[in-house]
Structure formats: structure tokens, C-alpha cells
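Below is one structure, written out as C-alpha cells, with a few remarks after it.
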């Protein structure tokens, strides 16, 4: 009940962000499906965005001093928009790879190995 | 409401008051949405019947078949709920509820009269558009999880169509937002109080034209004919709903009607004054909160009726379209969106922007200025 | 401070659990469509967290662009590349082990870092205090994007006060970047063959 | 003539994905019965269509070799069940030609009357279901409403609404009941404005035009090569109608009747009243033209019905004697094609001198019309398949027999 009775601060957001970030990293390293890797990247980006919003939120901090203020939210906006662009390009690459290799297993993408 | 309930309860049970208040709000919204679904279902059958020179339902619940929706619901509830052998069972079962959640969450931010909104929101227009667009995820998952190629085609079509039509829809919604200067739906509605000449559709020629682009995109984004490609009966059997039966199918059905009404109400608030009638009857009669809380309540009720009528006009228009027009082909749907709707909406945005810059008061003010 | 439940905290807990649980499910599910589904849940819950942090514009944008656009695109990609329905590519146990080790150590570092600053815990204010400070963010954000910072009128540096602290340039850069990326993605996704039909029947799909 | 052939090369599409093999039918809503199409598609683009027939095979021809000639009439009803009268007529004329059996003048006009009414009913069904295939439900109901009125007339005449067995070898089963002629005239009068309605909701509907114009273009050469007949052939601009160009044994039934063969020759359709113009996007031989030909033929059939009504009324009583079941057929063989509603319906009878034919054969018009489907559908979109199939207007009962 401790968590329920005390107000939420940026710390709590950071913890959630950390979990998302780590899940994303594991996805990126462990998944063999190119789209799985892409999903890992999305998770990582979201974990980071969460931190930006948490630090930028006056609502959480309660004090406006030394806060990121609106900059945090602006960063979050940019991350979201850029993630959309990144997903489009990554998907195009995955599709192209699929046409040439008939699979999207990233372990098969090894032509550039010496 | 929670504060009112709290007075009856000891301090340590304050949470009960909040929960009860929340439950009542949720129940109200849910009942509203379900009533809309039930009435729309009946109306669709009746209107289709009349358009096709037949009577439509006449048996259940009296001469006009008022209770047909109840009978339909009972039938669907008692039908067997099949899951195909090749389906991804988990996602297959979940997909209808995802659709349902998305289209009902829209009601969270839709005001039903001045101030009658579940969650007042600063970015309500944006929120409504965003949440309404989430319905597509349920459809895609349904199409994929069914393990049927027809369903897959339906899901793919829906994905392509809805993601494309969100762009012109958002552009069209941006124009009244810009004219009103706020994204708060309550505020937008209140700004159009007065009379029908204050409605935003009559603000300037650009908003007038925008409404028709908005109408096209709205019909397309809720997948109604002639844009009902995802469930194109003669091509894809029933698209993403092919493998669904019984209750799960009816959940999709409810989601469709709920989002139809939501988009109609959104259009009504953005362009047709929302809860403000064509003539300012409520303020003429003095039905405002300043006079008496009860009078304010009555005025709100009047506004609700206004909005419901406007929303239903939208729904009836969509039904009329559905039972009249043939279906477009997928490439033609995309052409309509990319080659016509988006450039038109963009041009309207530019035009409305210039108009707002040159004649800030809108057409009515411009006429008055000219006369004066 | 009363012992009554803080509703804000309760909802935060719900959303946080949904986000973390779904993120874990993304890691653990083998089927790529289920991964996409859990990702939707996770990102949706993150949008909820944004709302709870008072960032309603960012939350809505997350719902619209991320969940409604990017993820639809992703699921679309999954469908296009699923050779047989319900593909799963198993990862070797040793790779899982390495990934788990990396993840666990990273988590430990981040966890420690988050807990290390006491000021971040957010103790000491009531909800009422915070609600007094919360204000709509849509208009200031929009103004900041076109270069006017209404939230920082007391800038010491006059250059920053005159709009240099705004985000007009990044905004423009990102707009151009988006256009370039979308054209590039559309070009990349096309098959490298000359279509023989005079009018291609399908245009490549791009997100908004 | 400004014809465009469909590019026979498989269409290259932008975003290439896996080829999918899809089964369309035999339980698909728009395959007009139990047709099964196997589609090889790349996304929405159809690379190849293979029709599979035979789900409705009932050994009709073999049955005909074990029955007296007149007993086979009910089986012809069940071939093209949307135009039973035309099927009856085809078989009756074939056997009559073998027997050199003349029918009385009153029976001749009654046959024209009934057969053309059935043609209207069949074309209405084709037009309505074409609209339905393109997603427009309401015109289908309008077409059905008018068709019901024709079926009511048939019910009055012969007691049946679908499988009539009315026209028989040697004449007809019964003369018209009293009061039938005014009812038929009333129907024609009511029907006239409905045609304009149908033109408004179907023929000149912008979406329908865009869905069907330049879709499934069938060149006249290809139509002839594949043996396409009826409205499908005429939709490609070939003015060929067996009622005018057929066997004399058949064409003399229409002696003295005025009607136009509906086909776009020299750039325009024969028109005796105002119809919606041919849209600029339409290409001769596409789905829209096939549909349009049927709509115009309905009007021609109405004219024929009017003429037949008048002539029938002037004839003395006597509609012929049905052939006795024990009557021996003369030795020999006869093949006769008639202009049924879907195309040229041919019947062949070979007799060894007994009352029961030695060999019976039916040449299905829908079968030949369907055979061109793989050519028409190559490279189209999935949404075009119902449009093309609907414009071919096939009936599986006739294909599978």
C-alpha cells in the first residue's frame, strides 16, 4: 500500500522507463526476426521518451526549478515523430531484404562479413 | 458527484465514493453507446427496407419492429462462438474487444452538451481522432488471427485505407480547430452558440467546402459503403469478419456503429454548432446555469437532444449512401484519398488560414462590416 | 497527508504494470504478431503514463502517430513478410542467456541511477499542489515549435528570450527529414523492376 | 474501332510480396452458384484465375438418353434455371425439327411472348446481380421486384415460378388463362419507367462506371475465338443474334417481328429512345458494355412482347398437341442452336428410330462464356473479379448440366 498512498515522482517514471529500455535491448539482441529487432528499438525509444516526459513534467516535479520544462515534452515529440520515420525506413529495408532473401531472419544478412 | 457522495460516508471510505461516481459515469456512457448501437441497428434495417421498397422489420415489439435489435442481440448471444482450427486463438478472441475499446474510448472525450463530457480535455479533437484510429489495430489482428486468406485481405485493406484516410481527416479537423482557436471540443461547441449562422460551416467558404471533404474522409475512416472494402461482401466474403460468429461478431458490429456515431458527433461539433440548435432557443428561454442550476440542466438536455439529432442525421446519411452506391475498388479508394482528399484539404487549410488572417470574424462578421 | 489512496498513484501503478508487463511479453513471445500486439499494449500504456504526467499532447501524439501509425505500419510489414502464417524464429538458448545478462546488468545500473536522487521520488507535495501547477501544454508546445517560448519569459540571455530558444529550426529540419525519409522508404520498398502496366495498380503505403 | 487488348503479360506491381493461392468458391457469395475459382494473387493483383466447374453436375444428358423426348423437358428447365422457358424452347424446337413438326400460328406467337418475357426476367437478374457484385444492393431488390411480377405472370400461365416445362415438343402445355393478356400489358406499362430508374442507379452511376469500364476488356476476335455468344459477344461489338442470323427453323419463329440486334457497331448502339450515353472511359468489350447490352436488350424484348401480344390475340385457338410419349422419332440427327438469354444454347438429338433418343447433347452458352474468364482476369484486382464474372452472367446449372 506504500505505493498507493504516496504521490508519484519522476523516479517511478524512470523505473518504468528502465524496464522498457531493458526489454527493448533484450529484444534487439535476442530476436532473429528483423521486425522483432525493430520492435525492440521502438521499446527503447519509448523508455527514453518516458524519461524526457517525466523530467519535463511540472505535474510530477511539483517545483518548476531545475526542471526540463517544456523542453522535455518537445524532445518527446521529436522522438515520436522520428521514430515513425525510422520505422518506415526500417520496414522498407526489411521488405527489400525479404524480396532478395525470402526471409527476414537477420542472421542471414551476412554478405558484408569479411 | 464524488464530493456529494463523500458526505454520506466516513473519511476512510472516501475511495468508495470515488469508485461509485466513476462507475455511474461509465455506466451512463456505456448505456448511451449501447442505445445508439441498438437504435442504429434498427434504423439501418428499417431505412434499408424503405429504400428497397420493402417494409423492414415489422414483427418484434409492435408495428414498426421497435424491438428488433433486442431480438437480434438475443440471437447473436445464443449462437455458437466458433474459433477456426487454423486461428491464433488468443488474438482471435481478443481482437473484437480491441476494436470495441477503441471506438468506445472516443466517447470519453466527446461532449454531449455544453460541459457534459466525461473527461474534459485540452486536446479533445486530437484525442478523438487518435483513439478512433486505433480501431484499425483490432481489425488487422482479427484479419491476421483468423488464419483465413479472405480475412487477411480484409485486414490489409483496412490497414491501408484507414492509415491513409487519417491524414485528410486530421487536416479537415484542423480547419475548424484553427478557426475556433482551440482543440477543446467543449470550447469549440460553445463558440458556435447563437444561431445557425454562427456555425463554423458558415464561417467562410473554405470551411463550407472542408465539411464535404471531412464527410468523405469520415465515411471512409469508419469503413462504411462505398468505402467498406475491408468487409466487401461480394469480394472478400465478409473480410476480417469472415470467421467470426455470435457474440464476437456482434462486438465488431457494435464498434462499427459506435464509431459511426462518434464521427458524426465530431462533425456536428466541429461544423454544425454541436449542441447549439439552429436558433438559440435555450438562451432565449433562459435555460442557463446562471439563472438556476435546474434551468442549466434543462438547457443541457436540450443541447443533448440537438446533438443526438445531428449525430443521427449523419448516421442516416451514411446509411443512405450504403444502400445506394456501389463499392469503390481498392486502388480507387486510394486515389480518392491521395489525389483528391489530401490536396483539397491542404488547399482548404491554406484558404481558411488566409481568410482568418484577412477577415478574422468569419463570413457573418464580414457581411456585417460590409453593411455597416 | 492522509492515508487515503491517491488515485493518481493507483492509475500510475496500473499503467506502469501494463507497460512493463506487455514489454516483457514482447520479449518473451515467439510469434511476431503477438509481439506486435503486446507492443501495442505497452505503447498504449505509455501513452496513459504521459497523460498521467500531465503531458496530454504528447500522450495523444503517442496514440496517434506511434500506436495508430507506426505500429499499423509494423503489423503491415509483419503480414507482408510472413511466409506462412504465424512464423516464429527461435533464438538459441545461449543467445538468450547473453541477452538476459546484458539486460540484467543494464537494468541494475538504471535502477540504481533512478533511485539515487532523492529529489526525484516526488515526496512532500500533495496532489492538490500539483494540480495547481498543472497547466495545458498544447498551446505552449505549439508556440515553442514555431519559435516562441511562452514558458520561459525570464530568460537571462536576451538572444534566447527573442525566440532563439524555440524549436523552429529543429521543427523545419525534422519536417524536411520526414519528407525525405518517406520518399526514400517508398523508393526502397519498390521492387526493382520496371512495371509494364502504364498505371501501377497500387501505390506504396507510407505513414503519415 | 479503338479497341484495347488486355496486356497478356503478368502485371508487375510496386510492393512485391508473396504469391497467395486463394480459393474463391464454391461457397463464395459472388460466384453465382457453386463455381470455384482458384486465384493466384500477388497482394490484391490477380495473376491467374482457374475456374473449376462440375459441382452441380447431374448427368442431365445421360438422363435424356433414357427418357422420351418430351419427358426431358423438365430437365432442360433445371439447366438455366433463370430462363427455363428459353431452355424448353431450345429442346422443343430441336425435336420438332427432327420430326418436321409444325406448331400452329397461335403457339408460335405465344412462344415468342413467353420466351421474351423470360429474357426480360433473366436480364433483370443479370443486371441486379451485377450491381450486387459491385456492392450496390438496392438495385438488386428493384430488379427482383420486377422479376417477381414476370414470375407471377408465368405462374398464372403454367402454375410454376421457376421450372416451368411450359413450352413442349409440339406446342405448349396449355393456353393462357382468361384475363392474362391485360395483366401482361399492365406489367409492361409499369415496367417502362423502372428501366429509367435502373439506368439512373446502375448504368449512369459514376462509381459503377468506374468499377466496370475498361475492366475485363474482351476483343471481338477473342470473343469469337473462345466461342462467346449472346450479350457477351454483342458487348464486344459483334452484331450477331441467332434470332436473326440463326437456323431457319428457329428464325422463322420471329418472322414478321421487328427488333434490333443490340451491339455497338460503327461507334454507336441502335437506339430508338433516349438512353444514358456511353461513358468516355468505357472501352468496347468491357464489363460495362456487356451490362449495357443487356439493359438495351430488355427494351427490345419488351417490344417483341408487345408485338407478340397483339399477334397472339388475332390468332385462332389451338396451341398444338404435345408429343405423345410413345411416338417414335425418325432415324437421324439434328443439332439446333437458339438464342437463349445467356448466349447460344444448342441441343443435339440423335435418334435410332425408337421413342427414346439414342444420344442427347446440350451445348452450354455459359460454359463457353466462362472459358474466357482466365483471359479477362489476368492482371486485374481482386475487386474486379466479381465485376467481370457478373458481367459474363453465367448460370452454373447450365454449365455443369
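Note that the chains take the letters A, B, C and D in the order they are written out, and that residue 1 is the start of every chain.
Here is the rule we use: a residue touches a chain if its C-beta (ideal position, glycine included) is under 8 Å from a C-beta of that chain, and two chains touch if they have at least 3 such contacts.
The shown structure was predicted, so the numbers you read here are calculated from the model rather than taken from an experiment.
When every chain is reduced to the mean of its CA atoms, the largest separation from subunit A belongs to D.
Of all chains displayed, B has the C-alpha centre closest to the centre of the whole protein C-alpha set.
Centroids of subunit A and subunit D (each the mean of its C-alpha atoms) stand 63 Å apart. Per-chain CA centroids place subunit B at a distance of 26 Å from subunit C. In this assembly, the C-alpha centroid of subunit A lies 6 Å from the C-alpha centroid of subunit C. Chain geometry summary: the mean Cα position of subunit C and that of subunit D are 60 Å apart.
Counting partners per residue, subunit A has 95, 99 as the residues that reach two or more other chains. Residues of subunit B found to touch two or more other chains are 156, 330-331. Those residues of subunit D in touch with two or more other chains are numbered 15-16, 43-44, 381.
On subunit D, the positions that touch subunit B within their shared complex are 20, 22, 28-30, 43-44, 131-138, 141-142, 145, 201, 205, 207-208, 210-211, 381-386. Subunit B makes touch with subunit D in their complex at residues 48, 51-54, 149-150, 153, 156-157, 225-226, 228-229, 232-237, 323-332. Looking at the complex, you find that subunit B touches subunit C at residues 11-12, 14-15, 18, 86, 88, 90-91, 94, 121-123, 126-127, 129-131, 133-134, 136-137, 140-141, 144-145, 147, 152, 155-156, 159-160, 162-164, 166-167, 170, 183, 330-331, 334, 338. Partner subunit A is touched in their complex by these residues of subunit C: 1, 3-6, 8-10, 12-13, 16, 19-20, 23-24, 26-27, 32, 35-36, 39, 42-43, 46, 49-50, 52-55, 57-58, 61-62, 65-66, 69-71, 73-74, 76-78, 80-81, 83, 87, 89-91, 95-96, 98-100, 102-104, 106-107, 110-111, 113-115, 117, 120-127, 129-131, 133-135, 137, 140-141, 144-145, 149, 151-152, 167, 170, 174, 177-178, 181-182, 184-186, 188-189, 191, 206-208.
Subunit C contributes residues 2-5, 7, 31, 33-34, 37, 40, 44, 56-57, 60-61, 63-64, 67-69, 71-73, 75-76, 78-79, 85-86, 136-138, 201-203, 205, 207-208 to its touches with subunit B in the complex.
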